[in-house]
Structures are given as C-alpha cells and as structure tokens.
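Please find one structure pasted underneath; my questions will follow.
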Amino acid sequence: MYRTRVYYQDTDAGGVVYYANYLKLFEKSWFEYLLSCGISLPEWEEQGTYVLVKRVELDLLDKSRYGDELETHTTVTDVKNAQFTLAHVVSRDGKPVTRGQTFMVCVDGTGKPKRMPEDFKTRLLACQSISATTT
Amino acid sequence: MYRTRVYYQDTDAGGVVYYANYLKLFEKSWFEYLLSCGISLPEWEEQGTYVLVKRVELDLLDKSRYGDELETHTTVTDVKNAQFTLAHVVSRDGKPVTRGQTFMVCVDGTGKPKRMPEDFKTRLLACQSISATTT
Amino acid sequence: MYRTRVYYQDTDAGGVVYYANYLKLFEKSWFEYLLSCGISLPEWEEQGTYVLVKRVELDLLDKSRYGDELETHTTVTDVKNAQFTLAHVVSRDGKPVTRGQTFMVCVDGTGKPKRMPEDFKTRLLACQSISATTT
Amino acid sequence: MYRTRVYYQDTDAGGVVYYANYLKLFEKSWFEYLLSCGISLPEWEEQGTYVLVKRVELDLLDKSRYGDELETHTTVTDVKNAQFTLAHVVSRDGKPVTRGQTFMVCVDGTGKPKRMPEDFKTRLLACQSISATTT
C-alpha cells in the first residue's frame, strides 16, 4: 500500500491529477507491495532479474485534486512462469478513483524474457493466496 | 503526428523510456492530431467543452533509448455522442515501440459528461473517414 | 520533512535521480513543512492566497539511485511582506545529496503579488524561529 | 533552440507550467543546442564522456498556459577544463518567461570529473564565440 497526498506536481491545468501520473502511483504501490511480499526489486536486479511492464489498463473513475489524500492498493492476480499480473486501486476516503492492471514480465540483463527465479515465484504465489483470502 | 527525440527526462535507470511517459507522448500526439483535424482543445475549453481520458490501454512492444527518434501517430477510431476513441502508435524507424488506445469523454466545466458540440463531432468524423481510407 | 524511496520514475538512463526531480521533492517537502507550521496551502488557496516560486537555486552534491531512501528537510530562512525563502536539503543516510533554495511570493487569484495575510506570516515567523534555534 | 507547445502534462492546478518542468525544457534545449554545435551527447556517452548538472539557477518571470507556444534558447557562456556553463531563456512571443543557468561537469563512466576531450572543448568554444558575436 502506498499513501500520498496530491501535490501540485501531480495535477494539471484541469485542476485534477494528470492521467499518466496514476501510472506513477501504480509503480510506487507495486514496489512497496512486492517488498511486503519479501521481493525487493532493486536486490533482484543485482542478481540479474528485472521486471518490465508489458501492458497497462487504466480506468479513470473519479477526479482527485490538490491536497487530496490517496491510497493505492496493489495485489497480484495471476502468476505464470515468466509473467505476473498486478491489480491496482487508487482510493480517496475509501472510494475508488482509478483502477488498473499492469502485466509484468521477468527479463534478464539483456532484456530477454526469463523464467522467474523459484524464490521470486514462491513469494509471489504466497502473496497472491493472502490477497485471495482477504478480498 | 508528434516527432521527438528521447531525452534523459524520458528514461529511467533501466536505460529505456519509463512506461508512464508513453502516455505523455500520446497526449502530445492527440493534441497535434486533433489540431490537424481543425479541433483546438484549448479553444474548445474556452467555450466550455473539455475532453477527459476515461480509459487507457497501453502495450509496450519494444524499448526506446536516450537519443532515439520517435514518431507518435494518432487516429480516431470511434465516435459516439459524448465519447470518442483514439489509437496511438509510437514508432522508431518505422517499427512500433508501443501501441495504445485512449477512450475520451466530453465534459462541461463542472466535469459532467455532455454531448459533443456538432462542429466538434463533424470534424472528428471527417478525420476518422480520412484515417479509414489511408490505413 | 518528506521521506521517500527512489523509484524508477525518479531516475534516468544515467542510473541516478533526474535533476529536475529534486524540485519535485522540494515541493513535497515544503508542503509538509508548511503544514507542520499550521499552513495548509490548499486551504489558503480557497481563501484567495496562492504561493508561487519566483526563483530556484539547486546544488547537486551526490547521486541517489533506485531504491535509495531519501529525506528532504525544509526550513524557512527569510520572511518579508509578500515573499519568503525556503531552504531544502535532500539527504541519504544523513549525508546531503542536494541542497536548494526556493524564493516564494504570495499572489492573489489573478496572479498579482499581495501582502501575505497576518496569520500566514505569524505562523511562518514562528516556524522560522524554531528552525533558527534547532539548527 | 527547442520549440514546443504547452500540453496538459506541463501544467499544474494553478493553470500554468509547473516550475520543475522548465528544467525539462532546459534539457531538451541544451541537447539540441549542443547537437547544433556538433556535440551529440549520446555519442559522447558511448565514448565514456558523460555530462552532469552540478548547479541550477532558475528565475520565473512570467506564466505560460496550456496551448502556449514556447521557444527555449541555450548558449554556452563559460568553458573550463572539466566544466561549462549554459544559459537558457524560455520565451513566448519573444518575451522571456523564464531564464536559467545550468552548470555542467564532464565525468567518466564511474562518475568522476574528467577533463573534457579536446574535440568536445573545441566545439564548445566555437559555439561560445558564435553566441558572443550574435547576442
């Protein structure tokens, strides 16, 4: 979970959060979420496993404005051998503002897709089963 | 069409364009594309018609790096009474790097969806028919 | 004080935080700092007082990388009738990474400089005197 | 010289270009300016010479809004053995909107300051003398 306020830098002249900036919230949220699952992305990079985004879906449901407090929640919804899917919800006062999914792929240092390391996968699956029981 | 180089500001520590920044290219491209269709978004705002993004789909197909020259092409693919859909392709040397769609809705100054003005719609439809014949 | 990790979105292809992004940390830090002084910028805006940046000085002393934990500390160093100055330090493990100053001006809804409201000024001065005794 | 329009992504809820985004214009402008001097930053990186920003000064003189057309002009104003200084002016209709300076240092692949290569320096000095005679 990633909690933040909306600062000027997040907004646009329409007075609301600029649409691309929700993808930045997603990244912050998945970084912290994976860390809570025991997966430190910077440490995995040192061992040659990188995680890339392959596809994004983003639904903008409501507006958020300067000073609003936002919470972004991420869960893992699918785990394959080289890929996994994350679902994200950004909320204000418990009400969803945006929802999205990011489809992630594991690659090696040259950018070639690779089977995710066993320990990485085990932790992802453990996190997925916790999400499944709590939601 | 929007042509740009990849600058440092567009990249991340992975050495490639950060995924959310493709949405910024999409915006620049749809602004210029709509202008080429005779639709100036800032001028329509002065008359009380605003265009918001409701949904985004983004597929990352290849990487782009510092110094690369990118072209973003936008076309209108669907026009309804209050909504329209734009398709975007970012290419390097004629090869697609990302593809995406943005689903747009027309709103009034209070953010409420509104039927798009007749002149706005006519120009969108004219642009759509040109796209349809050239692609 | 504003504490954050360095995410991919903050970095560039050089593997370090992109220089302009330190100004974004400054904003987050001054928002939280002023709030701790009893000054909510969004609330003052509702009453017609806006705060703009007139000048920035930024010194980049060291690098920060993906996953680093950064702390940004802001203090008010000068208060005039319509202007005030904020000093910012971004640190990693207690070691400064960047330093900067932002020179702020109070304006009304039309963007014209205005004398800052008495309550606003009183709170700034109180915060300045606390900073002066603790540093 | 770098010419662009102001898009939504450049603005904030104050209706104007967000202050940190001027540094992004500076980067785009210095990239194109140095290229016009015969210095391709990506090519120099391949040969182990990197250019970092050490200090920034930025003065915000006027506002720019959604749809405005901006021109950013860069000139080299000082050349030392390992450092050089660039001056930037962002204008709208020939009227300055912001001015700034960036103090640049040449470093090697490990981030250590290094004497700039002779060819790099020669081209910088040639560009500086052209700027000096035309302004």
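General remarks:
To keep things simple, chains are lettered A, B, C and D as they appear, and every chain counts its residues starting from 1.
Quick note on the criterion: a residue touches a chain if its C-beta (ideal position, glycine included) is under 8 Å from a C-beta of that chain, and two chains touch if they have at least 3 such contacts.
What you see is a predicted model; the values in this text were computed from it and never measured.
Most remote from chain A, judged by the distance between CA-atom centroids, is D. Just to note, of A-B and A-D, the chains joined by more C-beta pairs in contact are A-B. Centre-to-centre spacing of chain B and chain D amounts to 28 Å, using the average Cα coordinate of each chain.
For this pair, chain A with chain B, the centres built from the Cα atoms lie 24 Å apart.
The geometric centre of chain A is 34 Å away from that of chain D, both derived from CA atoms. For chain A, residues that reach two or more other chains under the stated contact definition are 8-9, 14, 20, 24, 27, 66. Residues 5, 7-9, 24, 27-28, 31, 40-43, 45, 66-67 of chain B are the ones that touch chain D when the two sit in their complex. Against chain D, the residues of chain A that register as touching in their complex are 8-9, 11-16, 18, 20, 65-66. The touching residues of chain D, counted against chain C in their complex, run 14, 19-21, 23-24, 27, 50, 52-60, 63, 111.
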